[in-house]
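Report on the following structure.
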Amino acid sequence: MDYAYYPGCSLESTGIEFHMSTKAVAKALGINLVEIPDWNCCGASSAHARGHWLSLALPARNMAIAEAAGLDVAIPCAACYSRSKQVEVEVNKSEETKAKIEEIIGRPYTGKSKARNLTDIFYRDLGPAAIAEKAKKSLKGLKVLTYYGCLMSRPPELACDDIEDPISLDEIMTALGAEVIPWGFKTECCGGSLTACRPQVGMDMTKRIMDAAKKSGADCIVTACPMCHSNLDMRQVQLSKAYGAYNVPVYFVTELIGIALGMSPKDLGINRHFIPAEATLTKIGKTSEGGEA
Amino acid sequence: MTLNEKQKQNEELNREFLRRSGVNVSKCYQCGKCSAGCPVGDHMDIPTNKVMRLAQMGLIEDAMKSHAIWLCASCTTCTTRCPKGVDVAKVMETLRIMAKEHGYVAEKNVDKFHSVWMGIIGTMGRMYEPGLIVGRNFSTGKLFQDTSFGIPYIAKQKLKLVPYKSGNMNEIKSLIAKAEAMDREERGNK
Amino acid sequence: MERVGVFICHCGSNIGAVVDCAKVAENVRNYPGVAYSTDYKYMCSEPGQEMIQNAIKEHNLNRVVVASCSPRMHEKTFRACVEKVGLNPYMFEMANIREHCSWVHAGKNEEATEKATDLVKMAVSKVCKNEELQKGHAPVTKRALVVGGGIAGIQCALDIANNGYQVDILERTPSIGGKMSQIDKTFPTIDCSACILTPKMVEASSHPNINLITYSELEHVDGYVGNFEVTIRKKARSVDIKKCTGCGTCMTKCPGKADDEFNMNLRKRTAIYTPFPQAIPNKPVIDRVNCLKFKSRENGKDVCGICSKFCPTGAIDYEQVDELVTEKYGAIVMATGYEQFDHSIYGEYGYGKYPDVISGLHFERLVNASGPTQGHIVRPSDHKEPKTVVMVKCVGSRDPEHGKSYCSRTCCMYTAKQATMIRDHCPDTKVYVFYMDVRTPGKLYDEFYNRTREEYGVEYVRGRVSKIYQDGEQLMVKGEDTLLGKQVEIAADMVILANAMIPQTDSEKMAQIVGIGYDKDGWFTESHPKLGPVETHTAGVFLAGACQGPKDIPDSVAQAGAAAVKVCALLSKDQLETEPTVSKVDTKICSGCGLCVPVCPYKAITLETIQERRAGKTIERLVANVNSSLCQGCGACTVTCRSGAANLKHFTNAQILAEVDALCQTIL
Amino acid sequence: MSNNSVENFEPKILVFACNWCTYAGADLAGTSRLQYPPNVRVLRVPCSCRVNPQFVIRAFQRGIDGVLVAGCHPGDCHYTTGNYYTRRRFLLITRMMEYMGIDPKRFHTRWISGAEGPKFQQVVTEMIEEVKAIGPNDKLRDDMKVEVKAVETNE
Amino acid sequence: MSDIQSEMRATAKQLLESGEATVVIGWEKGTMPYNSTPVMIRSAADVDKLIWDEYCQQNLSTYLIDFIYTEDKVAIFAKGCDTRAYNRLIQDKRISADKCIVIGVPCSGMKSAKAAAKLPEGAEVPMSKACKECRYPNPVVFDRKIGQDVTPWCTEKDFSDVEAIEAMDQDAKAAFWKEQYTKCIRCYACRNICPACNCTNCIFDQSASGWQSKDINASENQFYGVTRAFHVAGRCIECGQCEMVCPSDVPIMLMNKKFIKDIDTLFGAYEAGLETEGPVPLSHYEVSDPEEFM
């Protein structure tokens, strides 16, 4: 399975563990990721606040480079996925948009090359069962909350999963042996860039989610969005200072898949989390009573 | 001022708003489902359904002055659940873009964030978080505020201190210039 | 030889002040076919009509044109007038020189006169091609079929029966009673639903003129007004209804279990069952899907048979099969009712997965004394009494994006009713109602709603709920109080959704079987939204109750009575007159391609084989045939027919072409 | 006799009106005394689906200046489905007429209900004005008839 | 081609000898090199008359109507277009499938006999226009088949000629069609050859009906042209026979294709003659059809 790979800016910095684990896991699962040469920022967070065409043109360039190589694009970051998918959809909807976009970016892009969310590739193209087959150990004993955030499930025309009750992470985690704890915040917004520019607003939004997470009794949260990860992991430090410790580690889906595939936490970047996440992994293999499973 | 006078004053803006958003706001029947599900609802000065109401009444100036349009996180929960198929998030986005252009920025920080972000992309092609943190604090006058998370990121080896710079900056600069020109053209500023 | 008499009416000054009537009469005097032409002040008056009749006799006229008002006004009058002196009423045409001329061209006398002349010439040209037509007669079967045994069907059948006509009620479930039998109390009086329904059910079952056909489906409808032939599928009950005494022993012994649909699956029932204790007929049926015996037969075994062993009268018959019967009826009333919208399409309300998020009809069973909880209001999940209940209105209604665009009309009232019932049963329970509007346009309805708030203390919050999620044992309901402009979150123990009313899932198929129209949502279409609310476009088929659109009990009952009157008026006739202006196929021309068949809205066209002599041999070929009793004369087939074999009497191709040509000749 | 010169040109327009809606709408225009130019002639048919496109072509052949086919709104047909067929047929025929060179202003199909007297007035008024502006129809027309007319005018 | 031809003859021979068929309809060589005309063979001795060359354009299916009242069992050679015509006739209930044996023949496109007649002998003859635009060169229905399926050279309908007319101004359109139909002599050859024009009694043969005068002029001829196009709208199988037989070179397919184009855009793509069941565009409607008449 060959895909063009678009890591996006976050995966080079705040979400570097997503980058590391994605590359490691993809290789082990037989997915060949070819990084788009000289890719540019998709404009997520800001371009759409500035102009419609600007928000389409930035991701269009990346898509066009991938299309020239004849590949669909695998995108781990939910925000980058959403922006890129938007161009694909708009270009396919209208010839006029296509012509304008091509004029702006100075490259052909026909909308043939598709933007694909990495989790969705795991879920649909590989399938949870196939991933589980390759697993070296079960995640049994780990109670996880799946957290999709906004951009995997909304808006409906860009969503890669169910809009109100997405299931791809749930099914992958279940297949790998983890116990998925139901909760009502799967698709609740973490605050996105507001945590940076309006910290108080962002904090409140993150807090609601973390309160519910703590109450649920789960061991950890699993997500597939670097922005959500940053807000839930890094912000948790500040939240804890203000409201008392939460201690809920937040994993990228690829990190937990990597663990199941037998990789070391360090190779997956798990040591780089703000909320220590290595200790929780020791619960794997233990039953809730504390004995060995 | 009477309502009809006020609407008359807003006529030009309203036409621009309707054209650029492409949303039929008259479909809204004020059920409030957008406000109900809004994750930022608590913090907005006016709830989403009232932003919709202002838009529906053609009172665009009042809508542009609101904080709500800047606090919107673009999560699109409102659009997804709207029983009348109104793209509420698109209304918020259009108002935000228009507010910036017409000089009504109720949330300077949010706006600065976007400006700095776009500035970095415009010079490097990719995001450079240290630049964002410093640049934003610098331009908002709170230089060290967010180093509260900038420094820990560095400690976790998460921030690259040497930025990537695209080898093709001319292409990206021309792309941005062209896109912005097209956006300007659409709003009718020659 | 055509001898047309032309009579131009002044209608006092209505026409005369604008159109020069004498000049029009003069203008057409020498027009081909015209034998006599005159004008008069009031043609519709007695002297005016006498004038026409005398002229017919004196001038030996065989066709008449009157130029006056709209034919929608006086066509009948003048047809009767010419018929009195022996002319066929269809040898008459009208030119509308009032509504279409003098009244709309005031002050333009010259042009109006020219136009009136044109219109008369068109009418003369048409009437020259008119043919004598005879009204048809069809007999009437003096028996009605009511499809659906809910309150509308029962009431309609009773009204027809009490007028002395035979009526059958066709019901698909094992018992009559319908949705009303599931409901606990009725608004706005809070009287017990069963207490007012069951006497009607008993009356219907014991009425000498009423015959119940339960556990049966409508299979096929043939025929036309006064003469329907209806094929009914009597589903295998597995119980011989003649032998069964309804003692109920079988039900107490049956080991098979199934979801109890009558109780909204809130409990289990046996496989041999009556849907509810007051069922009529009170004779059980075996649900073969869940019966252990029938299930074992699928695996090649044959076990159980307990009901048969215990039945004191030997009424159990496992070998029964579906039976098709064909009955004749003069009229059909559709009273097939509604279904409840399924809220499981709403992800934000949990896709129907939260046990304590229930629908209005669920609640009716919960609060009903003979229901699964003996009338105790408890949560389905843990059977605890809820301390906080949230009710959400317009679920599926007024939601064109995800549900239905219409207002379901009944939900505002049943929600208010259920809210007061919760407060009555559980005084400590808080009740919140999320609403967009409160619509209570019925007698004593708004008063009831106000009492709900003022006396029962139910809190109404204006706003649609955005999300419901399970939070531990409770349900978090996220809404907006749009009047306050603030988000509100309520931790509830139970949520009741006021689900929309939707048509029966197979309503479109039903409509197609009977040959009536239905709208985009599947509700049956009435013949006129104001003036024909219980009629359909198919003569002899009427509507009662919610199958026509969301309706509450009083409206359903009223409409049932109205439909019954229409049925009785029809059945009171010995013969029906049929319009002769129907389509006819010239079999000499017809190729039998059958393209006209699907076009006919009345299923009046069929292909049939005819025999012909051709080159000394008898051959068989297909041709279209129009049943003149079914045809209503729209003419759709005539345009579909390329060869012109199908033609509409009184509006033939030749007649319309003659009018077109008459008008265009004046252009020269 | 109508004059052929464009300034004084008074077009003749044929309206095929269904009995249940448009004819009633035209009646309502009358009872409401809504005034419109006297250039239209209404031909009553039971349903718009009775109007064979061949009637329309025939009228143009014989020299009509404009044709309007009008019936109940879709969904309101007295015969339930008739106007749906009208819609299909005339969507095609409208395009074909234009393809043949007939000015699209000369041929229209419209839904006018029994309650829409004002709409009837408006539709025919606009149509008359438009057709007046483009002059008499000479397309699809029977040349023989045109010649006869010329001779008559010369006399 | 000669392989197919010998296979044709063998098949015909076998069918006639075995009695499976009493008559075989195929093509024989006509008087000119560019004429291949229909032939009906009743005897196995005559099968060598059958030919298969690049001029076998004529659609044979219409001839099946001639046998509806005879006792014959008819075998017919059928190209893609012949099979679509065959389906058309079945759907119109003009022929009965049990009386017919369809022998499918994949076709690589036929040459234009009209062009050939005008060219000097030996010159390269172009493919006929209908064949150039053909999307179904292989039989869509058959009882047996000879030869190998060919790859269709067109996948989409080509409306460029229709669009060219549409782009003209109204006067130019009218002038164009007037010129075309002035040439028409109303010989009705187009109707007679057309597999969709299969009425037992055509309205143009019913002089008493008043539909049309006997005058032959541009106006009456255009009435004929539009009416015929309307009658075959949604039923035309694009075999192009009407144009092929027109002695006056009226571009009749331009009328038919206009309806095909509009049906596709207005009511969804439709292919006549692929099925024998299901709704025909003009005997059917959708509530959701485009609304332009408000």
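Chains here go by letter, A, B, C, D and E, matching the order in which they are written, and residues are numbered from 1 within each.
In this text, a contact is a pair of C-beta atoms (placed from the backbone, for glycine too) under 8 Å apart; a residue touches a chain by one contact, two chains touch by 3 or more.
Keep in mind that what you see is a predicted model, and the values were worked out from it rather than measured.
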Worksheet entry | Mutual neighbours - chains that touch subunit D and subunit E alike | C
Worksheet item: Which chain's centre, taken as the mean of its Cα atoms, is farthest from the centre of subunit B?
Response: E
Practice prompt. Would you mind telling me which chain pair, C-E or C-D, is linked by more contacting C-beta pairs?
Written response: C-D
Discussion item. Using only alpha carbons, which chain's centroid is the nearest to the whole structure's centroid?
Written reply: C
Worksheet item: Taking each chain's centre as the mean of its Cα atoms, which chain lies farthest from subunit D?
Response: A
Discussion item. With centres defined as the mean C-alpha position, give me the subunit A-subunit E separation in Å.
Written reply: 59
Response to the item:
Whole-angstrom distance, CA centroid of subunit A to CA centroid of subunit C, is 53
Item to complete: Express in whole angstrom the distance between the two chain centres, defined as the mean CA positions of subunit A and subunit B.
Response: 23
Worksheet item: So which stretches of subunit D touch two or more other chains?
Response: 53, 58, 75, 81, 85, 89
Fill in: Sites on subunit E at which at least two other chains make contact
211, 282, 284, 287
Discussion item. Can you list every residue of subunit B that touches 2 or more other chains, as numbers and ranges?
Written reply: 42, 77
Response to the item:
Chain pairs satisfying touch are A-B, A-C, B-C, C-D, C-E, D-E
Worksheet entry | Interface residues, subunit C side, partner subunit B - complex | 348, 394, 398-403, 436, 462-467, 478-482, 485-488
Discussion item. Help me check something: in the complex, which residues belonging to subunit E touch subunit C?
Written reply: 68-69, 92-94, 198-203, 206, 209-211, 231, 279-280, 282-284, 287
Worksheet, complete the sentence: Given the complex, residues on subunit A that touch subunit C span 162-165, 182-185, 212, 215
Worksheet item: Considering the complex alone, what residue numbers of subunit D touch subunit E?
Response: 53-54, 57-58, 61, 73-75, 81, 84-85, 87-96, 98-103, 108-111, 139-144
Discussion item. List the residues on subunit D that touch subunit C in their complex, please.
Written reply: 2, 10, 12, 14, 19, 23-24, 26-27, 29-31, 33-38, 41-47, 49-53, 55, 58-59, 62-64, 75, 77-82, 85, 89, 121, 145, 148-149, 152
